[in-house]
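Heads up, the next two complexes both have chain A, just with different partners, chain B and then chain C.
On to the complex of A and B.
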């Protein structure tokens, strides 16, 4: 059992390493990519040619004139040992990328995590009710609604929400994290205002994402309701709520939990468009700003940060998955053919 | 089929028949192929309202593509109409026009062919890689499995949209097929894991073991024994991959990080949103691309949902009139039609 945790931790470290290596590959080898583009920009700014390599190193942590292995080692050590992602070239000149991102990340996480929690709750509640009343009007109507909502891309719903609730009816703000007049602090008005500003982005994620999960939860529950162990539990005279929670719910939620891992990464990536539409200053908006002016250190910084968040998220979820489903800890090594 | 019954009873006829049995004529083969792969699946698919609507919707888009390809409807051009016409205001531009006087209906129609190329190339790419990696890893097991699944894990941990944005903004692809492939560049990762998991249980079947003992080569086992069993899952995921390409590509065009083409739903959406369709009151301009995206996505979901009935052998034979005894309960053994990706 301990073995599983050690193995999983090792796997996470290796994955992180591989992902950052890919980022290095993108910086260094992409035609017209970061290193080349930055060089061209610096030359345009009349920076003397001897200093260019130094400047590039300052920004990207990569000296394009050094041998490749040296570049690789310096890039990796900068990220893993110094925790540095280079410095911004344009958006906020010379500011370390980590500083820019540290300021923006909590807001993105606020949107992403509240959406994930909300749509999973919705999916489980609605899915369970649909399974319970299988074939009823409630089931049919909700299935249809779920399918229709799922077919809307979240950013399209975001645009519609901004249009109707933001501009037409002026019910919700169309930008920023909180109102100008409100002092940040741990006051009730501040927290309410943050929720008020985050409501539309979160709503557009929740409404477009819950349907898939609700339908799959419904399917799982219906399948499990027919299993022998549920019948036996009924025969033993266990209470309905106990059967629903411990016999059906616990098993039906397993596939949903794996989906949870995937949705985390998908949503983090999706914030790039979402924050642009709502003009919500999180890392996604920073990414777009950086991409527009080709501020590569920031672009790569967001890229690495989202990836790291994802790897760590999957790691945590995997470790806790073992607690929910004991079978996982025995490992799934397969015999070689 | 009748042959085998008489054969066993009558030796004489058996020798006579043998020479005939050797080769089916091409016509018979074609006929069998048609029955097995087109007629029966078609029958089942058609019997389900979801697939019927789904096919009708996708057919509509194919029609749009044909219209655009053969220029049966005028291509969008600036000031072909008065700017900012409302829908149904002029007979020549049913859906109205935008600020520079382009016919919105024509913008919608002429975006379709590129979009379909993008969708198909991206989805085919993602599925082929995922199936090859997944079945190979699952069947081979051991080190090969660990190595491939490590690669899949790394691929899965890279968030799709930011990676695609970095790639498209530096590579600036213009060919729709290549855009499709870039969009699904790491879509295979998650899918190959799921396919591997299914392969793991299929490879324990006795017929796979028999093939292995007979020394059948790995590719042959993969293509003859394993992949046909996965076809339901693969088809459903193909449709999902199509939807992913739509989501991403329209999103990328909306953000403006793909080389500008005049006619793409995402570009129209962006123009409408930024150039004041909302404030100017031209709702059709904004709604038209939204409806185009939603409808195609809805059609694909419906096909995916109805599809798993096609692969359920009991429903198939019942509808083809070959067996009456089985009360088909189509819902049984339903594949997870969404695959969790979106």
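On to the complex of A and C.
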């Protein structure tokens, strides 16, 4: 058992290492790579040529003139030993990428985690009611709605929302984390304003994501309602609420659990587009900004961070699945991927 | 052959009342129990006016082929027929220390109290009768809690029960269902079903899907349980020899009706219904060679479209006009042995029972003549 944890942790470290290596490779081998772009940029800015290599090394954590192996070693040791992802070249000159990410990440996490929690709650509640009233009008209508919403890409809905509710009707703000007039702090008005500004991005995630999970929860529940142990539980006289919660719900939710943790990585990736549409200053918007000016260290930083989130999500799912479902021994057969 | 039983009916095949089959001290009375399902192609009657009384502390075996309505009978006894089935008739329970309870007139809450506490049930699929995400202990605890029993005493009883069933109580209680073998799960379920000390235990094929050795040992355990806890048991199975070793009385079910009922010995040796005799002859027996085993031609009827008259007549070698025209009541070869067949005398005379021959006879020549005797008719 302990062996498994060690092994799984080792696997994660190897995966992370591979991800960073690939990131390094991409940086190096993309046509018109960052070093070249940076050199051109610096030369345009009339930076003396002897400073250029130094600057490049400073920005990219890599000396473009050193042999590839040396570059690789210094890049890796910078990340893994110093925790440094290099410094921003253009969007916030000289600011370490980790600092930029740390400043923007909480806002993105606010959007992403609120969305994940909300659409899972919606999925479970609506799915459970659909299963309970299987075949009713409620079930049919909600199934149809769920399918329609699921088939809309979240960025399409986001554009529709920002256009109608934001620009046309001016009901919701179309940018920023909170209003200009609000002082950041732990006040009710501040928190409400933060929610108000985050409402549309969260809504476009929730509305497009809850459906497929509601349908799957409905299916799981209906299947479990027909299980013998539910019938036996009724005969044993257990209360309806205990049966609903501990017999049907508890078993029906199991398949959703892995998806719950994986959606963190998936949605983090999705925020790149989402934040651009809503002009919401999180890491996604930073990513786009960096992309436009080819601020490679920032791009690589976001890329690595999103991948890490996914890898860690799978890691947690693997380690905890055995706790959620006792039938699954935490072991090799139970891995999410 | 036709002289070794008491003939209580007259030559005119007078229909006897069924009262003499009833129990002297019935703990449960099932009268005219009928379960119907409305289907697009008609009404499906999956339990057809079944009349059965359970004597206090007896073990009664109900035998029938798949789809003959056995499980419906079991469900009816707890008024838990799966939706949307309609249960009609009378199901009454006579507790020793309280007034008679009419199960079908109880409110939901009253019914909840009677179930498991007075009348308990072991299900067909013990494998799936436990919630996979709860430990076995949690199942016992929640059962005790919902019925307002003292949990500490109840768990003590559960431990006792489990060790009576040759399980290690602590190991089993602390396990999750999937960690137990099939036989262990079955025994744990048995313990769970009697932890509230019910009077009646309905068992719906409790040994299905277990190997023969495990079936035997579970039967023995049930016999011990019955004795030490004064249980009345109704044991449903399709495995006739299995229940024969356990039951005091047996009832044979065919096409959603009880076609024959009587003491186990009488039913085995003096079976009177053609179906019972055919069923006995189709039973695998180590003594009987394969070519002597007989299957019953035809198939059991569709619950929507049960044949008129005696529902066995399409498959019965003795069927005649009156079998098609009217439904037979019970005839009584003996006072405690009832059979729903007009031609039971003929059946007894002309259908030999393989297992009796195998027991009585030894040597091939005798078996040969038996074959002739059975075949010439």
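In this section, the second predicted complex is superposed on the first by the 310 of 337 C-alpha atoms of A that agree within 3 Å, B and C clash if a C-alpha of one lies under 4 Å from a C-alpha of the other, contacts with A are read in each partner's own complex, and residues count from 1 in each chain.
Please note the rule applied: a contact is a pair of C-beta atoms (placed from the backbone, for glycine too) under 8 Å apart; a residue touches a chain by one contact, two chains touch by 3 or more.
Just so it is clear, the model here is predicted, and its values are computed rather than measured.
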With everything superposed onto chain A, say whether chain B and chain C fit together or clash.
fit
For A:212, select first, second, both or neither according to whether it touches chain B, chain C, the two together, or no partner.
first
Please work out whether A:310 is in contact with chain B alone, chain C alone, both, or neither, and reply first, second, both or neither.
first
Looking at the overlay, what does A:80 touch: chain B (first), chain C (second), both, or neither?
neither
At the Cα centre of chain A, what angle separates the centres of chain B and chain C, to the nearest 10 degrees?
70
When the two structures are overlaid on chain A, which partner does A:229 contact: first (chain B), second (chain C), both, or neither?
second
Among the partners chain B and chain C, which is in contact with a greater number of residues of chain A?
B
Scan A:251 for contacts with chain B and chain C and give back first, second, both or neither.
second
What is the contact status of A:5 with respect to chain B (first) and chain C (second): first, second, both, or neither?
neither
Between chain B and chain C, whom does A:133 touch in the aligned arrangement: first, second, both, or neither?
neither
Of the two partner chains, chain B (first) and chain C (second), which one does A:238 touch, if any: first, second, both, or neither?
second
Minimum C-alpha distance between chain B and chain C after superposition, to be given in whole Å.
12
Which of the residues in chain B come into contact with chain A in the complex?
138-145, 150, 153-154, 156-163, 165-167, 169-172, 190, 200, 203, 212, 246-247, 250-251, 254-255, 257, 269, 273, 278-279, 286, 290, 293-294, 297-298, 301-302, 305, 331, 334, 336-338, 340-342
For the chain A and chain C complex, residues of the former touching the latter:
227-229, 231-239, 242, 246-247, 250-251, 254, 325-327
Considering only the defined contacts, which chain C positions touch chain A in the complex?
78, 80, 82, 112-113, 115-117, 121, 123-125, 128-135, 142-143, 146-147, 176, 178, 192
Considering the complex alone, what residue numbers of chain A touch chain B?
11, 14-15, 18-19, 22, 26, 30-33, 37, 147-148, 150-153, 155-156, 159-160, 163, 167-168, 212, 215-216, 219, 222, 255, 258-259, 262-263, 265-266, 268-270, 272-273, 276, 287-288, 291, 294, 299-300, 302-303, 306-307, 310-311, 314, 334-337
